[in-house]
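You will see two complexes here that share chain A, one where it goes with chain B and one where it goes with chain C.
Right after this comes the complex of A and B.
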């Protein structure tokens, strides 16, 4: 059945929401084979059409095969994309170390991607904050602060500061307010 | 990101019956695994208006090139008989049984200009409007209940979001910042200061 293999990839993802199922290398290979076969058949049909050996209704067959190729491609790309999204969320939820239970479910390219992503994130985080400090860990506080007020450390002397609700603060260098 | 959306891919894999004109090659059916065996002399002389059943994604692709390609026959759950059932009482209908992608697939069908398109569109909206208040009230008032299994996938997601929001809100009301804000705003200004 046309496009059936590729649909099985999607169904596998649908059956296991949120977790990363083992990479189905076999099914991916079969989808690629299907694409190659359909493409080859299309090239042959096109040659025959141009030579006038077959009638015009073959044009719809060409379109159908092409639609099947596009469909299989879409399913495969969606499969890879959703796995990548789940892996990305894993990094933010659990940190940059892959336990072997997860690693065994990923293909090599995904493991490589994960390391690259962690490296990018680490580089980005170390560039934040003041130069010379070790940067900000963005994954620690994933929710906005619940309190209305925040503690600040003053860097310059300012003497007295009055806020809009009437509270007065004394701002001196290196004091915590 | 509709291209990568799993729900869209699954919804468009459903099969649709339609009447195709003579440009529809029999071989497509062979590709689909539905090939009929007949001798090659009959191959060209296809009857016009024979019914074929093809997956929706294939129909969409073929009709994009040639919109006269086929006339769609609406599936049973979108026909006028069923539409009347939906109009009578949308809440009791088991969406899961008639197709878990009822709304999504209905929208997709409507985009291909089937017959009775306007009625189909109206029916989809009316059904949803009829059901949404029931889904939301179930979500917000039954804390420990299971999600009803008569919901379409779209309604399921709505239900889950509703339940989560309701839990967050009641948590906030009881434990969270609201209690503290109440205390602070009571003592923020003395009356004497305000009269300045």
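Right after this comes the complex of A and C.
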């Protein structure tokens, strides 16, 4: 059936909503072959139409094939686009280094895209701030900061206690902090 | 005993940057700048499209963050609670700033090619472009990256006449019919609203929105007022 290969590409992405599945080079190649075949058939049909060897009803065949070509092309581009979106999410959640488990699933063009994207982001971040001074890291402070302050009375000797932002408190029995 | 402590904003900011204010930003107090940043952040979050940039505010905020950070470090750890409160305030300001920039980046990434075209048109009409030069460079590079990867993976292997791709046409257009809550900061004349009585499209009523009034209204009607700063989104 026309366009079935392309549908398989999309189904694959939908089956794995969270991760990046391995790049399905095989399926992509089959889609491209399908497009080329349809395109060639269209050229032949057009030649026959112009030569008057077939009736005008063949024009709708041309249209159907062209619609299938457009659809397959759209599915392939959507496949690549959505993989890129997931990769982008990865950069924001985990930073600019790709672990080998993910790298294995990407095609070479995607790896290159990821590096260029990270570089673009880094350029943008360093361009912020007056006269490009320290720049801003946009991947930190993803949530509004919230911390509770608590007054603590120490029951036992604990010596030094370090909080998450590095402040040290000396805890001794019966002291208030 | 647990408590979430909130230092009054002006007290926190002023005590953090006492004596460090630049001479040329004396006209705008730090509290003002923060107020503008909060407004810009809120507007950017509520609007369905990219708004004109407020990088003047971002730049002042960034320089003030630097000053505050240094003061905090010099302050020392003697009064640890006050130090913690100031630090939290500083973190909040940094979060606001970062979130504003991230929201804009998200919108730019979604429709980079289209926004570049729109800005080009604005420049030709003599208007200020919506993106700052930094963001424009980012958008250009991003569009180019997308085109390259599409070409490499798909388009170059197709017959020549199928290789055309216009990213600007494919980019999602913001839905300006979306309803937003808006507050008028000044009395706004000439706000056009679709007339509910008439079924035909494009029949509009002109209303006046008084200062400090709040309405639920299609974004399209208040777009120009938000750009000029006469209205803000909630």
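Keep in mind that, in the parts below, the second predicted complex is superposed on the first by the 139 of 177 C-alpha atoms of A that agree within 3 Å, B and C clash if a C-alpha of one lies under 4 Å from a C-alpha of the other, contacts with A are read in each partner's own complex, and residues count from 1 in each chain.
In the analysis below, a contact is a pair of C-beta atoms (placed from the backbone, for glycine too) under 8 Å apart; a residue touches a chain by one contact, two chains touch by 3 or more.
Not measured: the values here are computed from a predicted model.
**Q** Now for A:55: first (chain B), second (chain C), both, or neither, which partner does it touch?
**A** So A:55 only meets chain B here.
**Q** Quick one: classify A:77 as touching chain B (first), chain C (second), both or neither.
**A** Both: A:77 reaches chain B and chain C.
**Q** Determine, under the contact definition given at the top, whether A:63 touches first (chain B), second (chain C), both, or neither.
**A** The first partner, chain B, only.
**Q** Of the two partner chains, chain B (first) and chain C (second), which one does A:10 touch, if any: first, second, both, or neither?
**A** In the superposition, A:10 touches chain B alone.
**Q** Report for A:97: first if it touches chain B alone, second if chain C alone, otherwise both or neither.
**A** neither
**Q** I'd like to know which partner A:1 touches here: chain B for first, chain C for second, both or neither.
**A** first
**Q** Which partner, chain B or chain C, is in contact with more residues of chain A?
**A** Of chain B and chain C, the partner in contact with more residues of chain A is C.
**Q** Residues of chain A that sit at the chain B interface in one complex and at the chain C interface in the other, please.
**A** Of chain A, residues 77, 81, 146-148, 165 contact chain B in one complex and chain C in the other.
**Q** Which residues of chain A touch chain B once you look at their complex with the stated criterion?
**A** 1-3, 7, 10-11, 13-14, 55-61, 63-68, 70-71, 74-75, 77-78, 81-82, 146-148, 165-166
**Q** Spell out the part of chain B that touches chain A in their complex, as residue ranges.
**A** 3-6, 9-10, 13, 22-25, 27-28, 31-33, 44, 46, 55, 57-58, 61-62, 65, 69, 176-177, 181, 184, 188-189, 193
**Q** Using the touch rule from the top, collect the residues of chain A that touch chain C in their complex.
**A** The contact residues of chain A facing chain C are 28, 32, 35-36, 39, 69, 73, 76-77, 80-81, 84, 88, 107, 109-110, 112-113, 116-117, 120, 123-124, 127-130, 133-134, 136, 138, 140-151, 165, 167, 169.
**Q** Going by the contact rule at the top, pick out the chain C residues touching chain A in the complex.
**A** Within the complex, chain C touches chain A at residues 1-5, 58-59, 62-63, 66, 77, 80-81, 83-84, 87-88, 91-92, 94-95, 97-99, 101-102, 105, 109, 134-135, 137-138, 141-142, 145-146, 148-150, 152-154, 157-159, 162, 165.
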